[in-house]
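Next up is a structure, given as structure tokens.
Labels run A, B, C and D following the written order; every chain starts at residue 1.
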Amino acid sequence: MVQGAINQNTKLTKEWLQNYVDDWVTFYRKHTKEGEVASYIPLLAQADKRHLGISITGINGMTIESGNVQIPFTIQSISKVFTFIIACMERGISYVLDRVDVEPTGAAFNSIMHLEMKQLKKPFNPFVNAGAITVTSLLNGKTSDEKLVPLFQLLENILGYRPRLNMDVFASEKESSMRNRAIGYYLVEIGSLESDLELTLETYFKQCSIEISLKDLARIGMILANDGEDPKTEKKIIPRQVARLAKALMLTCGMYNASGKFAAYVGIPAKSGVSGSIIAVSPPRARNEELPFLEGCGIGVYGPALDEQGNSIAGIRLLRHIAKQWDLSIF
Amino acid sequence: MVQGAINQNTKLTKEWLQNYVDDWVTFYRKHTKEGEVASYIPLLAQADKRHLGISITGINGMTIESGNVQIPFTIQSISKVFTFIIACMERGISYVLDRVDVEPTGAAFNSIMHLEMKQLKKPFNPFVNAGAITVTSLLNGKTSDEKLVPLFQLLENILGYRPRLNMDVFASEKESSMRNRAIGYYLVEIGSLESDLELTLETYFKQCSIEISLKDLARIGMILANDGEDPKTEKKIIPRQVARLAKALMLTCGMYNASGKFAAYVGIPAKSGVSGSIIAVSPPRARNEELPFLEGCGIGVYGPALDEQGNSIAGIRLLRHIAKQWDLSIF
Amino acid sequence: MVQGAINQNTKLTKEWLQNYVDDWVTFYRKHTKEGEVASYIPLLAQADKRHLGISITGINGMTIESGNVQIPFTIQSISKVFTFIIACMERGISYVLDRVDVEPTGAAFNSIMHLEMKQLKKPFNPFVNAGAITVTSLLNGKTSDEKLVPLFQLLENILGYRPRLNMDVFASEKESSMRNRAIGYYLVEIGSLESDLELTLETYFKQCSIEISLKDLARIGMILANDGEDPKTEKKIIPRQVARLAKALMLTCGMYNASGKFAAYVGIPAKSGVSGSIIAVSPPRARNEELPFLEGCGIGVYGPALDEQGNSIAGIRLLRHIAKQWDLSIF
Amino acid sequence: MVQGAINQNTKLTKEWLQNYVDDWVTFYRKHTKEGEVASYIPLLAQADKRHLGISITGINGMTIESGNVQIPFTIQSISKVFTFIIACMERGISYVLDRVDVEPTGAAFNSIMHLEMKQLKKPFNPFVNAGAITVTSLLNGKTSDEKLVPLFQLLENILGYRPRLNMDVFASEKESSMRNRAIGYYLVEIGSLESDLELTLETYFKQCSIEISLKDLARIGMILANDGEDPKTEKKIIPRQVARLAKALMLTCGMYNASGKFAAYVGIPAKSGVSGSIIAVSPPRARNEELPFLEGCGIGVYGPALDEQGNSIAGIRLLRHIAKQWDLSIF
């Protein structure tokens, strides 16, 4: 088994860390063959299941990257974090939380039955599809493009450029997502949506089809690790309360119905998408004073081979190993 | 509304903090009338629903107490944390986690249907009754007293004395807990239990009937905050990995089906019991350097008036307020 | 309590029976105030909840009517019986039963969760919405009007005229039935539908909006009682096997999640619609030789005040009383 | 495929029918290898899965038997019909139906989750285990033997002898039925039981362990077909209303979660037991005047190889074939 426990007596250099991360990516890439790429959105099925890449960006500015870091991907369910943040910024936290609960479910991300079983009037949490669609319906704007203006602005504020929308994935998504329409009409019936359903779904499929890079994902994670503030410019990009709430939800509900296991075995807020991407956030803690790089960082992982819960199979193992070696767990 | 935001430029004294906590307890005691004491265990129904108390013990040794801190109470479901820790110490973490999952459920603590619905062969997590009974069955020993020896030893190591068993509560519990027997026989059928059912249930009812004080609860929480080590003697009482795993589970599954809300609104690991007691753990973080007392502390709360999920109704609000004022959230 | 037990020693005349039925309708009309008219389709909400009427047509040609027999109504879910019959006639019984099961569910008619809970690939039965929509998708034809040609032809063969479509109800239904769209998209996803969803739903809403009279309903029931054959002309309108299968399904699944109670307390095949209409079928039995009128009859009931399960509250009680007095139960 | 359609122009002789039935039993015995004997009660697992036998007794006194008719078997869930009848005789129908509903469930016979899911205060119907255990608790008597006195008396009245209790099966059942204990404690908690749980379960296991023959089963079925009256002596053994209610429940709930299919494909009231036995009831109908033997008969089938729902796999097919050939369906 590869090793890389931190030496508490040494200031670790970037090179030193880079070597370890390279080893780990090589080691965990083997696990990609145990998973399968998502098939329900035709375009996602074209991904190369052998890919695995990681990007880590510290609050202190250092960056480490390894593996397949150049493949662009659509963010899919990771967008649920962003629209939740935007909705809280536009409407206020309490308005949003009146319309979507924050409980983990133990059920699959695309479950309808939990709504019916408990005769719920609001979805379980913003990261199951029912909750995410509800949150998207809260965004201001009369067209899907208008609704997404603040989200693109937020990403531009963080990344320094405006990410593109992958129109092919959007079209593929729009055509194939029958379950989301089923959920959508259920939500209309129970009065959950504040926008027209077609508009809401179009917006939802667009947000899922935003294409970014691993470096971007890591940088967004780092801003969340720093409670929404850019550490260089000290500009507040996301309100502190919203950033922290988003992290709490990522920890309890971010990894589909493997969220509990991720919290127990990895222990940091994260959100995955069906493209095989994961955004993870390591908030600063007192523990790593010898390793200032790790005192708060964002992590992006990409590995399109998925496990049964829909998470990157090698990506989760890689994150688990890193979290253990570098003692990242927030607990 | 009472106030008590920390002054980042001042070294806060114990007296200063004490004043705030006294105010807050007085304020939140009003909410006790919105809840009800547990009725399904006859003896618990005798508790005084107006009671509310809190005890906070910092890793640095300071203690603050306020309200009804002298009432002894049985720990009920809080014991699930302790037997989980003991089982991991006796059998190893991976042995235990092969027999109980670590996913939050979205279901009530005493649900059977989730086992059946998903044809699960292991309970959702160690803090729902099905999981806790399974964990108790893993404890070594041929009698319930033998099985509980290590737990009592652990508590004595932490508290300096051996807590008593409230035999009246034990008897009341044993007699009235039909649902736990239903769950127990279901577990026997699916092969989850490693001890005889009657022995397991007797042990389970005993562990629930351990009686301690608020000060004790806070001290145990503080040891967990310090990853299982006594900060004074530097003695390792609970293995570090086990302590951190326990905290992760407390965050995702500790507050019944309000765990997600507690994580979002309070943001620290906690476990509640139907007696109205809560143990909460604030791990050290870099943020509070001006307030060293809060750099890692354990909190005990007691308020027997419960909300619908079975958590202390005033206790949760008090904790939420403190966590917000003192910025305790781990996110 | 009113009485009307059959006199086994007397040939009962129509007049004699008519008097009893008039009394019973008067008596049970009082129960209409305990129910509510359907509100989810706006136009149905305009019905007069005090209405109650019944029409009975014997295989021997006799007819008894009482109460509000002149109010036209849309057949709503009663159409599920007719499209099931047509689908069996067009595709064959085994083709249809490969695509929809025939089990009662214990769940509400508009439940989605039962599909998801058991990961079913076919709906529970043709009389829950999910099953009925699936059956409608099996009908031949490229437009909704084309698909319904055989159904209208069947009705014309039985009734001697072509019933009208209530276009206002159709429009109201189309606009308001969000749950049916949710179910529809779920069915698309699991591959249940053989026609385009919009086409299927349009057809479904149209079939529900067919408007007939109580006398019509009784006559259709009588044809079913006679195993699909017109007793006068001896023309086979519905194949015998199909008619009997339809009656079996009506008994086990016809009255929503009160089907078991209806079988136990009334004991004849029946199907209700949310307009407050019920079609009931009393197959010929050896028992009623003194009362040849009752040796096979069809019954139509209309009473728009519904109970919690969505059945005519007074209509069910009236049927229960008649079935008991005249010993109609098939058991 | 074997044939045996009734010749409408001929008075069929017993010999003629016997030949057909012999052929059919031979033909359908092949299907026994597609099933498995019940394994959860150890003693039942010893049955010979190749066995298949049938006994038919007409109201007119004629009897036809074929195949393995000499193997004694325990009645298992068939006893649920008998205790339901006794409870109705002792307490009155409405008392019993206040404590157990009469809805089919779509769920397995040993389901707990349906109780919890709908927060039911009474079990779905008397033929799922939860309902049957509730019904057994209603029987008068302070010991299990006392409680069963009227049931044994009933059987003696019908059969002319007192059946034995298979004490080995009883012991095996008592030891192995953990799920029934789980259900039992759940029922205690919701207040469903009117007797002590241990006493109720002992009675329940005993009633399941009554051993009879195929001829007995057919004779009991014939009495039910004749609405509870012995056709020879004209003695009323079971009240008419109770007999007919029992038949209605058999049709909607008698064959576990294949009850709907049995009603659709066979169409007569029946109840199966996990021993592979089935009691079926063909009430008299006007249709078979050419075949007076079939004008009301009881049928016993035994074939211990079970299908997935727990019904005799060959037995069901044999019954389906006979019902079709002889036009037995009550619809």
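Simple rule for what comes next: a residue touches a chain if its C-beta (ideal position, glycine included) is under 8 Å from a C-beta of that chain, and two chains touch if they have at least 3 such contacts.
Being a predicted model, the structure only gives us computed values, none of them experimental.
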item	value
Length of the shortest touching-chain route, subunit A through to subunit D	2
Identity of the chain that, by mean CA position, is farthest from subunit D	A
Whole-Å separation of chain centres (CA-atom averages), subunit A against subunit B	30
Separation of subunit B from subunit C, taking each centre as the mean of its C-alpha atoms, in whole Å	56
Distance from subunit D to subunit B - Cα centre to Cα centre, in angstrom	50
Contacts with 2+ other chains: residues of subunit C	114, 117
Chain-level touch network, classified as line, ring, star, complete or other	ring
All chain pairs that touch each other	A-B, A-C, B-D, C-D
Subunit B residues within the subunit D interface of the complex	111-114, 116-117, 178-179, 181-186, 188-189
Residues on subunit B engaged by subunit A in the complex (per definition of touch)	97, 101-107, 114, 124-125, 244-245, 247-249, 251-253, 257-261, 263-264, 267, 269, 283-287, 295, 329-331
